[in-house]
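Written out below as structure tokens is the structure these notes cover.
As written, the chains take the letters A, B and C, and residue 1 is the first residue of each chain.
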């Protein structure tokens, strides 16, 4: 799967889709889901929670492990994708459609990579 | 010296040599001299099996075993079918480890799956865990299940077994949780007070109700559950598993968590342990359950297979983020409970429950005739409290002389009695006669 | 094979209880159970056969070699079972008056004394029901100590990254923040990292020695001193006591509180996952915080219950897993002062014997004398042949050997931790060594078959992903 060009990426393998200057969707990249293996559960924050760039805001469970998901932005959780709670496999099947949270009131961002830079970054890891 | 080391001294020396050591001392040079004990242990010498077994038997003979037991308060004397001990003595069950390797542990895993099913049936719930240590620790660990960032205060009825409340307090000391008790009125939880307290506290996370309560009385669990939910808190019920055969289930009462002690399901009273904590919840609370859970799946060939599942909740994966540290639980006791429930069946358990409450009511009537007074008017299951015109001690000493363990003295003049299917009419009549001789009342 | 619910038929039952000889009383209508209650409807014959079949699909120490690292699967003596079945123990109510339970109190007293001598502690509580329960209790003692001193700044517990998962989980249950410190290449505590981590916010350290890779940490006294100097206390996870009992004592190493796993070190059976017992011992200054009823006295003048003045309360209802404690006492009486160090010496011998004889083909994580267990890394084998620790473990199942502990400790890649214990005869060890060699050969010549092991067990590898995604955790009746 190639990484969509209209998204931004973090080095901890999250993607960000800016909907406008202060709102975004966040999810896990294809590289992340393939490294994690079959996911069985997602622990999401609550609507209204404040999240901070670089800190964990959710976690995903596979059969034998739990992995933290880091927020690329600082803001407030406006919506959570409840579909993922019942069908976490969607993250494996279509990672770029499986948004975790919609974040509003974004006041800060991590240093994010564009699609090409992220592709390079992954090549470096392999 | 008693030893279970099969290898002879000669074999040990051979092995030392093959492993490249001159002696045990040489091998133990990996421990610095200053850390070595360097002396014999200050303990008695080891014994042969015959001597050890005699010594332990002597110790057991120092206990008084009562022929007739009328005391409950968290440890109940019920009939244990012979098949229970027979099954739970099987070496494969006794000596196996936790079933992490599913392929070689289908027997243990299936037995736990069957146990989980039976506990769900008993409580009306959707999911049960593979066990907790006892009813008290299960009650204590229900609290973190109900807490979240906005709800952090736990409530418990004062009609709960004080020993259970104490365990909850200790766990709350650990987790820095505020635990508030709700007063009792006429032997029952004061529902009006409960309503006031919960309504005044937006941070109330949960309320724990024992059913039947410590005094043996039936609480109006449905009404209390409603009060708790209206206040935005979760409803936890601690229940007697024998009573559940004929009593409204926690699920019917709207409970969010059902816990209790499964000791009455085939475990001897054995001076307090090992017993069995059970925890069961509706589907929505499944991921909050501590402890092991067995799930059904298939293998590559489509065969039914059982496996420990939802392990990502547990300590070996979540470590400090786990909601509980529980690892070893009470697996063999859970097996005991399953065999008991299979042997008794639903009708058998209903029979044991009905007989228990019938015997207890007959006991109460006879004790009243003998000069004691029931402390409460409330309806009760198989335990009740009497007020005595004389001291509780006087009554209990008189009974003890006849090899009878009377009820638990809960005040100078109050006794908490218990009767089960194990107490015959004749035994109960004897108790009443002895009590009458103490109170001076003509029976 | 059927579930027990799939056996039997409507109306089948056992003849267990007599008729009720008093007037029948029912539950009041408003409290009556309204939901259907399903349990099996089977005869005793069917129950007996069902569980015999299930037992045939279980594998205990009684069936064969069980070298599970960190679990100490030693032989479970049968005399322990005889002791635990004595009616003088099983038919006693926990709330009987003190003078009628002097035997049980003496059992507790004797076990406490033995554990004190073996560990170098002043007193023990036998209330905790398992090791993790003991850890929780021990940490509560530490918390009570600091709270009592009015020192509320101490919010952190230090745990090495090699620790068993229960350690940080227990610390979290006590409201502590867990500070994980990295281990050195040799698996031991990194003193510099420890020094950097301690401060006036350190409540304590949790450690086991030998450590979770089976090595005795020679710096142990310095480690406990560093923590004490910073004002913290030291907690000993007794899971590995089988390596050092009678040889060295945690109390002498500087630990302030310990827990012991009776179902590991003291031969009580694992029961498929319990019941065990996790007694907690402590030094003098912590005794005042112990939970439950402490038994004091002696067999001449009698025993009585004492509640410690600043007790943390209770971690369980009643006195602990008493029948488990009886089994441990029987074992302690048999082994005595000579048998206890003999057990640990042979536990260490058997582990080193296996380690040395497997080193020709397997990579040992640490190339030095181990204690009662050793860790192999299958990383090299995986890179060369694609065969992982999981595959080797599953391969062992086809030979009837329970696999060693897999993927623990987390600091070793593709780890297999082997703990033979002292109760295995030499031939069993030799046979296991032979099997490990065969599997190594198979990894070179027929990795594909090994990759799909086991082949000779009642089921193949279960679909754990499906089990977690679509949890089916109970049988459901059709009506």
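The working rule: contacts are C-beta pairs under 8 Å (C-beta built on N, C-alpha and C of every residue); 3 or more make two chains touch, one makes a residue touch a chain.
The structure presented is a predicted model; accordingly, all values stated were derived computationally and were not measured.
K.L.:
Comparing centres built from CA atoms, which chain ends up most distant from chain C?
P.N.:
For chain C, the chain whose C-alpha mean is farthest off is A.
K.L.:
From the Cα centroids, identify the chain that ends up most central relative to all protein Cα atoms.
P.N.:
Smallest centre-to-centre distance to the global C-alpha mean: chain C.
K.L.:
Where the centres are mean C-alpha positions, what is the separation of chain B from chain C, in Å?
P.N.:
Result: the chain centres lie 20 Å from each other.
K.L.:
Would you mind pulling out the distance in Å between where the CA atoms of chain A average out and where those of chain B do?
P.N.:
44
K.L.:
Taking each chain's centre as the mean of its CA atoms, how far is chain A from chain C in angstrom?
P.N.:
38
K.L.:
Show the residues in chain A shared as contacts by 2 or more other chains, in ascending order.
P.N.:
Residues 40-41, 61, 63-64.
K.L.:
Which positions in chain B are in touch with at least two other chains?
P.N.:
310-312, 317-318, 321
K.L.:
Where does chain C touch two or more other chains at once, residue-wise?
P.N.:
As it turns out, chain C has residues touching two or more other chains at 464, 467-468.
K.L.:
Can you list the chain B residues touching chain A in their complex?
P.N.:
149, 287, 310-312, 317-318, 321
K.L.:
Can you tell me which positions in chain A touch chain B when the two form their complex?
P.N.:
40-41, 46, 59, 61-66
K.L.:
If we count contacts the way the header does, which residues on chain A are in touch with chain C in the complex?
P.N.:
Residue list for chain A touching chain C: 38, 40-41, 61, 63-64, 88-89.
K.L.:
Looking at the complex, which residues from chain C come into contact with chain A?
P.N.:
Answer in residue numbers: 407, 464-465, 467-469.
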